[in-house]
Structures are given as structure tokens and as C-alpha cells.
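Take a look at this one; I'll ask things after.
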Amino acid sequence: CTVWTRTQSHKAAARLDLAGIYPPIATPFTAKEDVDFQKLEENLQKYAKIPFKGLVVQGSNGEYPYLTEEEQVEVVRAVRRSLPADKLLMAGSGCESTRATVRLTENLVVTPCFYKAKMGSCALIQHYTKVADSSPVPVVLYSVPANTGMEVPTDAVVQLAQHPNIVGLKDSGGDITRIGLIVHKTKMQDFQVLAGSAGFLMAAYCVGAVGGVCALANVLGGELCELERLCVSGRWEEARVLQQRLIEPNTTVTRKLGVPALKQAMEWFGFHGGACRSPMQPLTEAETQQLRQDFSSNGWL
Amino acid sequence: CTVWTRTQSHKAAARLDLAGIYPPIATPFTAKEDVDFQKLEENLQKYAKIPFKGLVVQGSNGEYPYLTEEEQVEVVRAVRRSLPADKLLMAGSGCESTRATVRLTENLVVTPCFYKAKMGSCALIQHYTKVADSSPVPVVLYSVPANTGMEVPTDAVVQLAQHPNIVGLKDSGGDITRIGLIVHKTKMQDFQVLAGSAGFLMAAYCVGAVGGVCALANVLGGELCELERLCVSGRWEEARVLQQRLIEPNTTVTRKLGVPALKQAMEWFGFHGGACRSPMQPLTEAETQQLRQDFSSNGWL
Amino acid sequence: CTVWTRTQSHKAAARLDLAGIYPPIATPFTAKEDVDFQKLEENLQKYAKIPFKGLVVQGSNGEYPYLTEEEQVEVVRAVRRSLPADKLLMAGSGCESTRATVRLTENLVVTPCFYKAKMGSCALIQHYTKVADSSPVPVVLYSVPANTGMEVPTDAVVQLAQHPNIVGLKDSGGDITRIGLIVHKTKMQDFQVLAGSAGFLMAAYCVGAVGGVCALANVLGGELCELERLCVSGRWEEARVLQQRLIEPNTTVTRKLGVPALKQAMEWFGFHGGACRSPMQPLTEAETQQLRQDFSSNGWL
Amino acid sequence: CTVWTRTQSHKAAARLDLAGIYPPIATPFTAKEDVDFQKLEENLQKYAKIPFKGLVVQGSNGEYPYLTEEEQVEVVRAVRRSLPADKLLMAGSGCESTRATVRLTENLVVTPCFYKAKMGSCALIQHYTKVADSSPVPVVLYSVPANTGMEVPTDAVVQLAQHPNIVGLKDSGGDITRIGLIVHKTKMQDFQVLAGSAGFLMAAYCVGAVGGVCALANVLGGELCELERLCVSGRWEEARVLQQRLIEPNTTVTRKLGVPALKQAMEWFGFHGGACRSPMQPLTEAETQQLRQDFSSNGWL
């Protein structure tokens, strides 16, 4: 399939520096499962004191598939309102059809995935090109195979990196060989890769990523910013010690127990997490203990 | 997890006979990718002459994830308007959150699947129970792992079969052992299983299914109704010959080439198929030839 | 890749009728994990009274990968010695390299699978063709994806079916659409398909298989021969009732709990099962209860 | 399950330093597919001039499943004979049964995998413990999921690391989060992790691995030793540039095209590769060109 190309200069002009750590923020709900904007606001005030590069709203950890369109708009608006001027906001979006995705104006665009067997490089290149052509804001590709059941193929990423309005990739798959290769193959394009999970954040920095969107940053945000600082200043020995202590807590709030665990851990660390929307189930007693153990055995609780 | 149970009598009273063949109808688009209601209407008139039990609208083959909510409502309304009085209409639905799914009033309810790792038996039982409790129409479970990346687990199906407002399962996975087991374990509940694809339709009848929702019925509807007749009347030898000739055409319009191939084949057989919505790609020349070959080598073209 | 073809007449001449039920026999061990030939002999005498078509020795259920070459030879010899004259013996074999496989003279040839990513149609066609060319006995292809992690692709089976010394396929994958298609595409070759598991035996007969190699036949051999009789005589209603009661016991001694469960169930039904060789672990207490439950809830215990 | 434990002192005493780069050497064959010991010897003389820590013989890249037992012994003997005194030799082994594995005296022990669904932590811990108990040489665990279809679970590795005769793990899966976690959880045991592929070698060093067993070292051995030097001396910027240029050549000789490609590339770089044993197929013309492209586009040809 054919793909659009332009001169490099456009992107250089529009350069948006993504480097740093972002929590993909959770959405607190009331007991009746409505969005709790008061608690959201309190979380945001606490996050404002952590040296994040910015926030991600409407990512997987925000339970965006469980929000109505109106709620999604309201949540983005609320976050934007309280965001410090020096912070970036990335808002997740992504519909199955290209035309619906084009209508949105958000910038972290997840892959269409329902017809996953048909979403090869050609379809994704066409999809993201149209979205980026029409988007008023720079677009970040978003590959999250644990949820979508598919990756943006490496060759599609490399080709899309040439688009002046596509500035980066959030890669949650964690294949470090692929991340290294994408950095290598896009080095002429000022394309920026963000690690999509804290478990491989240090390794991602090592092979050339510039930051991370990490669920665990909702809980241990300061620590992840510290890990960033150690990596970018070349203090790898210290970084390794810190990274290793973060793996188990991260795995437990992502792959192992997911959003309900993330929200429970947030409560322990002074944030509002609360329940998830149905059909997402609350943790069992045994899961809660496992969660606590994964934090305490690494010295965080 | 706990689940609702009622006396058997409720369901017996409300008995809805699902037995028969249903095409999950495709959605024709204009050259500009808008829904083409005129062509849809013409297809429906042709389908009215085939001895289908009814129609499925907003299934995977209808590209429902690519339609807006308004379009989905309009398409269902158009189909209902032209439906002969003696035919059933099953309308696909299914949102990620339980609360949004409850608000819909359609009856073929696909699994929530974005957080697939968390959608175990317990979550699905709770989800479907709430949906069925509040639904004014009988609910059919819809398991389509090729798209959703997950099945409704057998134990969840068996438990949900006890709900008086859950009358059946459309199973597109094609695991015939599982289908036989589900029929066996729900035999006290008057629960009806529909095969989700023409490739295993005869085998599904053999182990106790009562019908099929088959993409291929958009193209070879009369032939699938004939296969049904042979199976239910015990003419298995003739059924086998017909079934075998349908496997390759079916695989090519489902697993192998998908909706664009289904729509192309519809054109060859006198229906309106047309293009898909982006990002679904049109067939390549080679794919079109393969498609034609899979029909012609089995004597259909 | 190219493949050998000959005239049909050769195979017709050599026609070997595979139709019927075969237990893939288990290998009893002593407490010290040595082969217990005495107990094996006692099992064989009991099997001789069941209307099996024959026996399979050195299949997955015989723990063949755990036997030394010498033990494999001895076990085959022991079985052959006690085999009634009217029964067939299929002996499993299959090495990773073509040259080693050629040297064996057994007939149920499992796929080489260590380099599974490289074992495409071309490699398998070449491999099986060389094996069949040199084999003094007819060859049966053996596809067991749960253990090998790969299938013999359908197109490879269809091409290999033309070889005069390849007479059939034992398919343990259970994809009934594929089984129907293979029967269809090989109908000019007098190629015989055997179901590799009791869970889909009736459905396999329905779409054209001629028999089954079923682990469960080690335990409920008479019942499986009865199921065969009902299927081949067209008594499908009775067959369905019997088939359904066999699914759970079968799943538990294959996919769910495997060989240790098969051997435990054999003990309950008057055969010698005993322990497995390390590293295969014995059942836990909970597993044993689950196993018993799966037999008793279907009326077998 | 229970597992053996001893005091830490034993292992400290027996400490074997595994740190460094190892080529898992290929096995050259003659035109008749016999082992070509002359060519093997010539390769070994060239490898002797590269600062490898040692060699691995009978790994996946040596086509060990295609060698007879006698050939395996002869190849190991030949390599040992020509090995410089200051180099380590790791010889692959691993049978399906524990008793057969115990009888071998080699040290790089691949997982038993035929009954993969049954090879959980408990079975593997028991298996490796018995092997290590009786082995006269230190044992290295060997996890190669692309071939075996299964990993040694992390918890099993952590527990086995306490065994005084188990000194390390070769991990070919490439999950960098897992590698970091294993290093973290075994830090009290002087347990050494080797990356099983060049694609993630730098990232593995970054999170605490001590070396690598890399197919690509058969071709670009000096370059991989240089990458090692850059990593262990903390010159990460230079390491990154070199690492990135190695990813595509590595992927093509491993995951993408496998052993036939490795052997072809060896020819281009002055080593003897030659053909593989059947059923492994030679490269097609298109594959050979892709292979060449993956080396030349990164500046190696």
C-alpha cells in the first residue's frame, strides 16, 4: 500500500518534546458507579506536585471503554482545567472506523482491533494517515496488545513515523527488541517512543526510549520520576536497583490483577481509587493480600 | 460468585423457538461510505424469499463497530420495517460496560472484551445476569472469539442458561466438543445453541444445536436452508455431501478473507455487497481470484 | 515444493481398512518407574475382549517420549505378541530428523516439531514423502497440536493423501471444520481419517471420519465401540445421548488432567494404570476428586 | 511441591563464572547430510581467535534434535578436543524423562516439553532438582519457548536458583521484565542469567544479565564481544549504536528464517555453514535476498 510522505522540516518545526513520565490516570467512581469528579480533582492536585511530564487521560487504566462519550468529554475537560501550564495532556481516543476516529481531536490513538485479523500494516497505515492528516494536534500511536489482541506492526510504525503529524508511539507490549528496532529505524524522523509500562522502563531508556506512560505512576509517581532521572543522567547502577524493586508492584497492578488492583493500591498510597465499573470485578480477599505482598516485599509498604 | 436462579416454569412459558438459519446481514455502503438504505432494502426483499428463520442485524458481518449509534438504530429500524411477520429479528448489541449494555434493548449480546484478562466466568455471569434481568426481550449470548479474543467459558454458559430470560447461545468458536457439552449440560433448561458459522453447521446439528447464524447465508442462503432440512430430517448422507461443498466458500468469506470477501461474493450471487468502511481494506486482485476459486472449485460458480 | 504422485490403483490394491476404535494404550510402570510388562500383558488380555479394531502403541498416552529406544522396541514386541490375529497394531513413531524417522518401520508417524516455525507444508510434505517411500508398512499421519504445538496443514494432508503408502490421518486437534474439509478434499484417494479424541468422535463420524484413536478407550472401551456402532448404523439420536455423557470424562483424562488422570481412571475400571514416569507429576487430592466427579456425574461411577 | 535447599556456602565455593559471550555453534554437514568434522574443526579454529567466554554445543542452532545420540557424543568430544584451555564449554542436553536426563552429564539442560500442559513449576522443580543433584557438573537452566512452546516459570527459576549445583539460566524468550525480575529475586544466590539472543543483549546487561548465548555470534562474534565490552564498561551510548545495528541481522537468523539463514550468513562471513538436515528446508531465493538485505542495510555486508 502507498503512504503519504512530506519533507522532514515540517515535523522539526512542530517538534513536541514528549520526554518524561506520565501516569495514565484512573477514573474514580462513586458508590453508584458514577464518575466522581471531586475525587478526580483531588488526585490531580496531588499529581501536580510530582515532576511528571504530563498526564494521560482516557487510557486503558482510565476505564475509557466503560465511559459514555459524554463522560469521556467531561473527564478530559476536567483534567485540562486543573492541569498546570507546564504539563502536557495526552488524551486517549480511537474508534473502530476511520471516519469516527477522524472526528475526534485527541492525540493518543489506539488501534482499531475488532476485526483484528484484517488490521494488517496496510489497513493501519491508511487509518493512521487519515487520522493524522486531519488532526489539529500531533498524534501518538498506541499499541496495547494485552487489550486489543494485536500490535501495530513494526514496519507500519516505521512508515507512519515519516508523517509530520505523527510524533511518537506508546508501546505497551514490552518487546524490548522491537522497541530498540523502532528507535533505530526511525532515527532520521525525530520520532519518540514511550514505554507503556513500568516493568521495562529502564530497559526502554537503555535502548533509546524517551519516557514512559506507566500505570504504576498513579501509585509510585515520584519513584518513577526518580528512575527517569537516574536513567537520563547515566546512573545505571542506581537505576537498576530501583527498577528491580518496581517490577513486582507493576506486574500486579497491570497484567496480574489489573485496574481493580491499581485502584486499591492508590488508596494505600493516599490517592482516590475506589471501585471499578461493572463488569470489572472487585479484588477478592486473596488477591488483595497478594497485591499487598507484592508492594511490601519490595519495601514499598 | 453467586448467580440468580428462578423456577423453570418462567422460561417454559416464554419459550422462544430459535430453530433455523439466520444470515447476519451485511451493511451496504455508498461510494462515500454512507449506509445505503436503498440497497439494504433490495437485499432484504431477496432474503424474504428464502426460508430463513429470521435475520441477524448488527453482527460482526454487519460492520457494527464501524457504525455510529444513530446509524445502528436506523439500520435496525429499516430491517424491522421490511421484515415479514413470520420472521424473527435478532439485533446484535453489547457494550463494554454493564450499565451501557443494560440501556440497550437488543437481544444478541456480545461479550465485553477490552479487558479480556479480567472477563472471567464471574464477571461475565454478573454482566449477563444484569443485562437479562432488565431486558424486555429474551437474550442470546454471543461468543465470537476470533473478534473478541475470548470465549464465554462453558461453566458460565451453563450457569447463565438457568436465567429465564437467557434463551440461547450463538457460538462462533467452532469447538464441537464444547458445543456438545453445552447442549448436554443445559438439557434441563430448554436452552438453544446456534452454530455461528456454516463450516461446522452439520456437525453442530449432529451434537444437538438447533440452527445457525452463518455469514455464508448472505450468499448461499437457500443452500444453507437445504442443509438444515437434510439435518433435521435425518438425511445425513445427503447432508454430508452438501456440507462438504460449503466449507471452503465459508472459510474464505469468514476466517480467511473476511467481510470484504463476503460482500464481493454477494455481488456475484445477485445481492448488494459493495465496499467496506475504512480501515477495512478492499480485496486485492489475488484475493478476489482466490475467493472465486473457492466458490467455483466447489461447483457454486 | 513438488511432491510425488502415482496412479490411484496402487493404493486401492494395498487397501488397509482402518475403520474402528483404537485405544492408545498406556504403559504401566513399577514403583521404581520401570516398565511393568506383567501388568501390560494383563491389560492386553482385557482389551482383547472388547471389539476394538486394533491398538495403538507408543502414542502420547503411552508416554513414549519417556521410554528409551530399547524400551519402545520391547513394548511394541510385547503388544504384538499378545495381539489377537484379527486386530490391527499401529505403532507410533516419529523423530525430528527425516533420516532417523526413515530408519524406523512403524506406521503412525508424528510430526517433527522442535523447529516448529520452520515446519511448514513444504518441509512436512518432503519429510512424510521420504518416510512413506521407504516404509515397508502403510503410514498414518499423526497431528497432535496439544503436544507438538503445530498441525499438519490441511493442504499438506491433501497432497500427502495422494501417496500410495500414506493411508490416513489421526487428527487430535478437534477442529471439525478441518476434518470435514480433509474428508472432502481426499475423497478420490481412499484416505481415512481417525478422530484423535473421544470428545468429537460422533461429530467426526458425522462429517466422514471412519474411526477413532481415543485415550478414553483405555477406560470405557466397550462404550466407545458402542458409540461407533450407533454412528455407523445411523442411530444418531441414541449416539448423541451416549456421546454427550462421554465428553466430560474424556476432557478430564486428556486436556484437563492428562495421562496421570487416565491411569488413575483405568484403576477404577479394572485395568492397571499406576504412576507416570518423572517429571510427570501424580494427581493431587483435589484433582483426583475432580476426576471422580467428571465420571460419576455422567453416570459412569 | 517441596524443594531441596542447602546453605549458600556450597555454591560460593563452587562458583563458576559464566560472564561473557558464547556462540551456540552450528553443525556443518556434508552433501550427504553427514556431520562434517573437518569443517567443524576449521570453524572452531576461527572461533578460538575471538574473545568468547566459551562455546555452546548441542543448542538449538546445532540442530541437536537431528543428531543421533552417537553423533551428539562425537560432536561434543570434537569440540572439547580443540577448545582452548581458557574457554568454557557448555553442552546442551535435556530429555523428556527425568531418568534419561539424569544419565547425561552435560550442563545446559533444556526443559522437557512434550507434555507441555503438565510441565508446571512443580514438575520442573522436581525434574531439575533431581538432575542437578546427580550431575557432576554445574547445571544451567535453558528456557527456549520458541522451540519448546513453554517457559520455565519465573517462580520455578527463583526456587531452583537456591540449588548449589544450578548456577544460571539461559533465557531465550526475551521478556526483559522477566529477566530483570529473575536477577532481582535471585540476587542472594549468585545466580547468573545469560541472554539467549543478540536482539536484547544490551537491555539484558542493563537489567543485570552477565552475558549472552547468541546465534549471531557464529557470524558476528567479534562485534558481539565488542558490545559486551561496551556494556560492562558503562559506555552505553556507544553500545546502543552497535546494538541497534545488530537487531535485524539477529532477527533474520533466528525468529524470521532460522538455522538455514544462520548457516548461509556464516558462509558470507568466512565460516562453514552449509545445508541443514532434512526436514529443515534450504532458503528460497527470496529468503536469501532478504537475509542479505538485513545484513547489508545495517552496514555488515
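Letters A, B, C and D mark the chains in the order given here, with residues in each chain numbered from 1 onward.
Definition applied: contacts are C-beta pairs under 8 Å (C-beta built on N, C-alpha and C of every residue); 3 or more make two chains touch, one makes a residue touch a chain.
On a predicted model such as this, the values are computed, not experimentally measured, just so you know.
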item	value
Cα-centroid distance, chain A relative to chain C, in whole angstrom	49
Where chain C and chain D are represented by their mean Cα positions, the distance between them in whole Å	35
Graph class of chain-chain contacts, one of line, ring, star, complete, other	ring
All touching chain pairs, where touch follows the definition stated at the start	A-B, A-D, B-C, C-D
Chain B - residues contacting chain A, complex	1, 33, 60, 65-68, 96-100, 112, 114-120, 122-124, 126-127, 130, 146-149, 255, 258-260, 277-281
Partner chain C, residues of chain B touching it in the complex	174-177, 180-181, 183-184, 197, 199-200, 202-203, 206-208, 234, 236, 240, 243-245, 247-248, 251
